[in-house]
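Heads up, there are several structures right after this.
Next come two complexes built around chain A: one with chain B, the other with chain C.
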Partner chain A sequence: MTGERPLGLVLLEMILLVLIGPLVTGVIQKLKARLQCRAGADILQPYRDLAKLFRKGTVQADTTSGFFRSIPVLVLAATVAAGALVPVLRAGPPAFPLGDALMLLGLLALARFLTAVGALDAGGAFGGMGASREMTIAPLVEPVLMMVVFSTAMAAGTTELGALAAHRGTSWIFAWRAADFLAFAALLVLLPAETGRIPVDNPDTHLELTMLHEGMLLEHSGPGLGCMVLASHTRQIVTLGLGAALFFPIGPTDGPGVMGLAVGAGAFAGKILALVIYLALVESSYAKLRLFRVPQYLGVGFVCALTALALRIL
Partner chain B sequence: MPKLPRPGAEQNRCAQYNAPDRLRGCTSSERGNPNRGFRTAFITRSELPAGPGRWRTCPPPDVGVSAPSQELLLAGVLLMSACYGIGALSCLLAPWSGRLALGVGHLAALAGGLAGLGVSVAILLGDPGQTLAVPLPDLFPFARLSLVVDSLAAFFVLVISLVAIAAALYGPAYLRAHSPDAAPARQAAQALGLNVFIACMVFVCCAGDALTFLLCWEGMTLASYLLVVSEDRHGENAHAGLLYMVMTHGGTALLLVAFLSLTERAGAFDFTALRAAAGNLDGVTRTTLFFLAFGGFAAKAGAIPLHVWLPRAHPAAPSHVSALMSGVMLKVAIYGMLRFGFDLLAPAAAPLPSSWGWTVLFVGTISAVLGVLYALQQHDLKRLLAFHSVENIGIILIGVGLAMILWRREGAGGALATVALTAALLHIANHAAFKGLLFLAAGSVLARTHVRNMEDLGGLARRMPWTAGLFLLGAVAISALPPLNGFVSEWLTFQALLGGAGHFHGPAGLGIVFSAPMLALTGGLAAACFAKAFGVTFLGRARTPEAEHATEAPPSMIAGMVWLAVLCVALGVAPGYAIRLLDAPTAALLQGPGASAVVTARGPLVLSTALTTSGMDATAISMTMMAALLIALTGVAWVLRRGLRRASQRSAPTWTCGMSPTARFDYTATAFAKPLRLVFAALYRPRREVIRETAGTPYVFRRIHYAGEVVDLAETQIYHRVQRGITALSRSIRARSTGRIYGYIGFVLGALFVTLLLFGVGQR
Partner chain C sequence: MSADTVQSIIDDLGALLLFTMILIIAASQISRAIYAVAAQSLLIAIAAGVLAKATGNVDLWVIAGVTLAVKAIALPWVLHWVVWRMNVRREVEPMIPVAATLALAVAVVVMSFHLSGSLGPVRQTITGNALPVGIALTLLGVLVMATRKTALTQMVGLFASENGIFFTAMAVTQGMPFIIEIGVTLDVILAALVMTIMVLKVRSTVDADIADLDRLKG
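This part shows the complex of A and B:
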């Protein structure tokens, strides 16, 4: 079960993630609208928004330094590079080693760091507040995510996502133990935090006291903002893909040829759809938490992940 | 005398991964050796006992450099010493021209650094068992001084030399810009202190006997004290220097006890004799000596709770000296710990006592978390960086502790110990590079603006673009973000923790694996801290006239910073080559496979570790491929951002809800760190004082005064209590000093009586 993914397939999967990231956001928006008894926008609306942004001109704040123009570029590059590390269509390590789950978390952290630096660049309170709050939540999310990754990696003996998925195999889904359930519960707690959704952050607001991620994007405009928005779509699908690779390695096998790839693509779509439905339900059922309640919310995830790790070791 | 291989032992054509014998009279410094003199010794090794087949793979093919001759290495060491000596003597030029003394002193330090670089790389690329023994002139009748440069010492000399080169490039221009009207005596002190400091650090690492070690340790302390108080600002530097001296000498006292216990048993001072004497110790004595030495070295390294001198002394010194103290001097203490734990006090063939490794791991984890938490609340750039040094020493101690726990365990423990030690040694080099870079950048800000509080700066990125860019590079490196070097050593530490947790079952494994989320927490908090530090200092609007009129640093200062930045990038993008240099130290210290065989078994571009021995694929990453991918994606994203046609671009004021923006609208550093201060309030115990001045009625406020403070918990809970206890004791003793002679005579008689009882009784 340990076939290898050629480098071309890895790049194809990366491009696929970037292309269907906005579709995932569109589906979540549509589901939320339906749950709120609205018609909602089309599921392809994020693509139209991105096309509009890339066509527009840029207005740049006059206090920004030389780094500001390169921030959207670097953030997009880091997020898309993280997408190359997620096994989408087929399980198995890449033909030439690239990175593992720790590198993925590091690249997402790099993107977040650069976004915060860009937010402080223009001066003004919106960016500062958004950056401050985002950098408060981030160090609390990372240890929990690390523990979730470790508890699954300890069962598989490797932290490389493709090899982890290949080791688990399809039949493993029927052999979940208590540690897996608890780690999955921790991941479900973390998903809204990593993707910037209610109850941690509201992606649809522009009021300064309720913005975390949006506050950092406020001073970007035009193609720069397009890059940042595309990066946030990609980050969302990369996080969902990470969850799918860790907990649902069904579907991607080393089946030969186009048939295997099509089965893998269908399975991936099914897994992402399940997690998307979860996110939409959570967003529609809960209100956004106060900033200082978020550590307590993340504490639930911390306890679940710690127990999962303890059960794995003891 | 080379030892013949044991009969029946499998011939291994990769001779460098064989285990050494205990050294018995092989060096030329032994009294009975007829080869005593200026000849140097080779120490050969016997065969490695059969281990899991995975480690039998050969290292990557040699670069093609033949081992340089011993004479050449000896000449290199003498050249290095001569350069530092000339630099120290350049202080005598000060009466003619202080600037000349400074220039010659720093140039000599630069030359010494380059010589040290050459010598250490030559030793590291050579045979792992090879050491260079340099006997020194007989200064004392009771001991022979000597230098023994083995591969571990060579690695530390390499790290020292790299930062020394940067500091020597940076120093003269910095001192000119920061204190242009310094007296020639002060400049002489700077030149003398710098060269003596670096030379003593090098000789501590190369020391072959306890007396050289302690003499150079003390010289290192005195030279750094001289440099710390060389810029006196209203006496606060003097206070910082005094605290530094007191705490370091407390640590040195513990070291003296540890060393002298061993030398008393051995009857001689050199390390060979100490090693032999320690072989006969019982477990309790061995552990006591280790903890004494660990306490002494931890005080120098700045592990919590012995770190209180660090945030005062490092900001007080000139910035290039802060870079040396933070980047290198703390690591010399780690060298001492490694030398004691793995070499001098280690049992002959058994694993180390478990209390050693667990204590080091625990102290490391606590230091890492608390160090970064305190760093978050600092607004003085250099004090912030000093607390980050505490954090990184904690990360290094996690690696060292893990190596101590896993060493010589059956199964995969041996290889995991190598991974952990490689992670610790690599983090030593990485931290020296990026902390040095950050201190030099902070110093260039300080030299141009003379303002330390980052809340009074701002907008410096437009006026000092090089400094800002290099500070950002250092900030990305220290936050352990790919593709720079901080990520590599943290990745290795995580892999070692994961492997170690899988190796132990039960509460021990849980203790190990709990360090991993704590390490992730420190990484996240470090990123938050440096987003604040970089953003508030360099971005936004200038908040004071000093920040408005800042200009870029002089080219020599930029050169020093660029040297370290190139090092950060090189160690991040191609760490396999640096791990090749770590082969010799890890093989010699742990007597097992070298670093390359365990970490870069698939070639220098790939880092791979095998977490279990059950034939699983190793976890493999490639920093080089990821860097290449990032560069390619950056190019694509840049094209995307430029757009298909040239879109319009204009500039407008920042949106501040319609008001005209001033510097008051920028988010302050205190505000940035406030949410984290509230989240971790249990650890910070922040103090807050709000004074409201009313006018007339209690509902009209004329003025509101707010003061907030975060006090170091170690200081309040431990040191202030000890201080209060000592003061109370002294006060009660002073009450007995009545000034009447009869009271004193009675006291002396009483003491004499008690002494006779205690010691006279035993004579029978």
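This part shows the complex of A and C:
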């Protein structure tokens, strides 16, 4: 069993997640561009976009209420708080009461809800449609993600992510039980949906009827939009980190001091990179699904997760 | 290999078999369903190889080879050829929505785990979860056959169902008598040939598919 994670480490991990979130998006976009034989933008482009947004002024529709201004900050805060729950550098439970995987999913759901409320508040047609679609997809994604978490938590006897990762140990794929394969398959189906990528949503479009998440951001501008974009970068890496913590062990966990942390950071980067390559491949090789076909696609994940649970329980 | 290792490998393969079955049910294009059933047969062949290594049963090696050659390579190739030859619409045409079929599939999986739980003493003698997984595969294959309109996807369901029976039999008996296994494999080949010819003939003479036979009234 590994040691507990002190407050300083948890804060460091949270800040690290927020800082490298845009980088992950940049790498995915670069990989996609290379797969499509384009040169593609620099991998640091998301940072430049963010810097530009934060320098700009804010324009707001007349119809919005006072609550609208606080939405981006609340969404970012909820997402970053979810980031604090993901173990990055080292496995093991935090040294103080913090929250578990259910808390993480709850915070992500809260961020999603606030985004949708903001989109409806502005009263634009695109925002309302994006919000309605997002709220159609969300009830299909979140329960399945919970079942994936449960199927792992059943074996470990806890829902605390750090403890889950520590229970998983360092023995890689060879220690996987039958249920883990199915749960991992379910997670692979869910990842594009949860990160807003191609079979479900298209992150590159801004003015098409196909968009879900981008549609909800149309009424935001300047620093507010910057917060929303940063929140969606963070949400993406938090989801990837959740998958990594559930299914891949967190580095050599009880390495001493700075050296152990450095190895943990390297291992985390490797795991995220593997998932990023998967996302880029899926995005380049599939077309976006019609909205009415999305439940069928997510149904595969649902059945996989339920079967994984059945294998664990029965 | 120790008994524990074999058991966990068979369990893992069972999980992957269920996954390929889910892919077959959810596939929206015939060619994807065919690839999934080929992958499923490949996994069955691997399971046969693992059991052969564990039990030292030479027949199982031959069966693994035959499964690989016939069910993982030859039959999917024939199916692809028929799809190409018939020049049909590449989408599967379900009787009920695929989402509903997936919901039924969940019920079938849970039910087969529940049922095999009541077969306590039988289950004890069998490697790991092979019994419930085998039952589930067989029933899900039947489900695919029952919910699809076109003959080709029904054939895919038949092969998947047959894979389930094969997997159960292999795990229960640690290798059936060689002659029975070969007989079963020949049956499948024959069924595939008959159905292929039938589908092509029906298509070329009356330009109809199996679902249209409903309209024939005596």
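For this structure, a couple of remarks:
The criterion applied here is as follows: the second predicted complex is superposed on the first by the 308 of 314 C-alpha atoms of A that agree within 3 Å, B and C clash if a C-alpha of one lies under 4 Å from a C-alpha of the other, contacts with A are read in each partner's own complex, and residues count from 1 in each chain.
We take it that a contact is a pair of C-beta atoms (placed from the backbone, for glycine too) under 8 Å apart; a residue touches a chain by one contact, two chains touch by 3 or more.
Fair warning: this is a prediction, and the values are worked out from it, not measured in the lab.
Once chain A of one complex is fitted onto chain A of the other, the partner contacts of A:310 extend to both chain B and chain C. When the two structures are aligned on the shared chain, A:278 is found in touch with neither chain B nor chain C. Of the two partner chains, neither chain B nor chain C is touched by A:47.
In the overlay built on the shared chain, the residue A:295 is in contact with chain B and with chain C. Once the two complexes are laid over each other on the shared chain, residue contacts for A:185 go to chain C alone; chain B is not touched. When the two structures are aligned on the shared chain, A:222 is found in touch with chain B, with no touch to chain C. The wider contact with chain A, measured as residues touched, comes from B rather than the other of chain B and chain C.
For the contact definition in use here, the residues of chain A common to its chain B contact set and its chain C contact set are 295, 306, 310, 314.
Residue ranges of chain C in contact with chain A, taken from their complex: 8, 11-12, 14-16, 18-19, 22-23, 25-26, 28, 97-99, 102-103, 105-106, 109-110, 113-114, 117, 128-129, 132. Considering their complex, residues 2, 54-67, 72-74, 76-78, 80-81, 84, 93, 96-100, 102-103, 106-107, 109-110, 112-113, 116-117, 120-129, 131-133, 135-136, 138-147, 150, 153-154, 156-160, 163, 167, 218-219, 222-224, 226-227, 291-292, 295, 306, 309-310, 313-314 of chain A touch chain B. Those residues of chain B that touch chain A in the shared complex are 459, 461-462, 465, 468-469, 472, 476, 479-482, 487, 491, 494-495, 498, 501-502, 504-507, 509-510, 513-514, 516-518, 520-521, 523-525, 527-528, 530-532, 534-536, 538-541, 602, 606, 608, 611-612, 614, 616-622, 625-626, 629-630, 633-634, 636-638, 640-643, 647-656, 661, 663, 665-667, 671-676, 678-679. Residues of chain A touching chain C in their complex: 176-179, 181-182, 185, 293, 295-297, 299-300, 302-304, 306-308, 310-311, 314.
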